[in-house]
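We just call them A, B and C in the order they show up, numbering each chain from 1.
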Amino acid sequence: MDIIYGIDLLGTLVFAISGVLAAIEKKFDLVGSFILGFVTAVGGGTLRDVLIGVTPVSWMQDLNYFFVILAALPICYLGRSKIARLRKSFFLFDTIGIALFTVLGLQKTLGIGLSPVIGILMGVVSAVFGGIIRDVLSNEVPLIFRREIYAAACFVGALLYYVSGLFSPWEEFNLIFSMTVVIIIRYLSVKKKWTLNVKPLS
Amino acid sequence: MDIIYGIDLLGTLVFAISGVLAAIEKKFDLVGSFILGFVTAVGGGTLRDVLIGVTPVSWMQDLNYFFVILAALPICYLGRSKIARLRKSFFLFDTIGIALFTVLGLQKTLGIGLSPVIGILMGVVSAVFGGIIRDVLSNEVPLIFRREIYAAACFVGALLYYVSGLFSPWEEFNLIFSMTVVIIIRYLSVKKKWTLNVKPLS
Amino acid sequence: MDIIYGIDLLGTLVFAISGVLAAIEKKFDLVGSFILGFVTAVGGGTLRDVLIGVTPVSWMQDLNYFFVILAALPICYLGRSKIARLRKSFFLFDTIGIALFTVLGLQKTLGIGLSPVIGILMGVVSAVFGGIIRDVLSNEVPLIFRREIYAAACFVGALLYYVSGLFSPWEEFNLIFSMTVVIIIRYLSVKKKWTLNVKPLS
């Protein structure tokens, strides 16, 4: 499906931009910015591929991912002020990106015969570990360990996609349905400042 | 052997609890706590599996590991004060856990035909890298790089298990013998505050 | 080619020493020093092997790498003051090391049928990720994200090696030519304080 491929590349670009921007903030040089953009964009999927044993990892098979990530460098270095004004679009694309990455990660894991529980876990890993690796390489505590609901939205999306697949044969509907739920949860959690910060007893 | 499987799951639980407790201390949210518990519990074995090329990694094949790790969340959030009082039991189970993880990691590595030196290394990796990954994700210097004797105890245990296997056909004896030595070294090193802090010359 | 094997081991030793020295500075114990030396020396090649799917990873097949890394411990703990005086030799060996690691990583990646772009990337990964993992485990921002030209020199070397291979059948010439260019770029960038620190617009 061409539109899925397009969203996949767009999500990769947005993730790469988030990595390059973090690198610029930390005053990394061009190489550091490229590396940080790269790991943010493909880190989650790469970890999933390595854990489930699908190697060479997927971005090695299609250079478009590489070129999209490379494009994040001039975009960030030349257009940083404009990006700031596009914050809302970025939030949208980032959220569509994690929703799609989650579903694609789940599909891939089920495709090699692993159980649905592992598939859902690997869907979430695909979506969130790029950001975790970005933060570890920047010497920061991973943002998603503290932030508003993020991985949890992916988890719900993955679960819904799997469950709806049991009942509905309309693949496209299931995809759009579960991705929409992820986007709504993300939107509401940021809007309403929902968190999963639970105080332990005593 | 069913008892080994039981100890393996118990060790996994204790490791997961140590990860969740570290996450609570850092004020991570529920998702962060789950992720930190997960990587602490299975990180070492996962790294070993990836390095020796046994994928999908082992916890994907048996969901009991997943459920045991999940159980660490309510245990820590509801019973944190009780856990503090169980410190001694935890030390015991943690130590039994690393001893067993070491031997199982060594066995698995030898089982795919790698040399004993690599087997011993991978035994130690299985036991200690979960904790290292926990500390890296929490933005801390890994504890075991500075603490009392820990990895070294695993190393001795792995070596003894391998060597005793050359002379003795009693698999169970070799297992219990080498695990006991690990536990004794750990106990003494904490009791006597042994370290491996060596001052470099000049 | 025996001389290449020798340079490979020498480069491994120099990398391991850089890891152990970093560990001593951080007051790690012997185990921490060994682990940090190990990951610095083989981390880049290991990551490459895992990503391209060549497992068990390469240092598991030849124990000489293990013994060379082990040798870094007495060298650093007994001869630290002498090492400081050998700074220039170390710079030379480190630079020869990264140049060779780059080319070997490129060759290996091409050898399993991946594209030249991925080959060049994996060449650079082989050379620089050992140092990145060292810095992450020491809880530091990776040095090469900020330092003088380092990864970029590897990139140029990998590119030249690949391009010269298209035109010249003299494998040895291509190797020496591209490694020499890496060494010259590194030397000049340190001497002239070249960086890739680019200010983003606005």
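Assume a residue touches a chain if its C-beta (ideal position, glycine included) is under 8 Å from a C-beta of that chain, and two chains touch if they have at least 3 such contacts.
What you see is a predicted model; the values in this text were computed from it and never measured.
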> Upon optimal superposition of chain A on chain C over Cα atoms, what rotation angle is obtained, reported to the nearest 5 degrees?
Replying inline: 120
> Taking shared residue numbers divided by all residue numbers at the interface, is the value for chain B and chain C over half (same) or under half (different)?
Replying inline: different
>> Could you work out how far the Cα centre of chain B sits from that of chain C, in whole Å?
In response: 30
>> Give the residues of chain B touching no fewer than two other chains, as numbers and ranges.
In response: 50, 136, 139
>> Could you list, by residue number, the parts of chain C that touch chain B in their complex?
In response: 23-24, 26-32, 35-36, 46, 50, 55-57, 60, 63, 66, 76-81, 136-139
> So in the complex, which bits of chain A are touching chain B?
Replying inline: 50-53, 112, 114-115, 117-118, 121, 132, 136, 139-142, 144-147, 150-152, 155, 195-198, 200-202
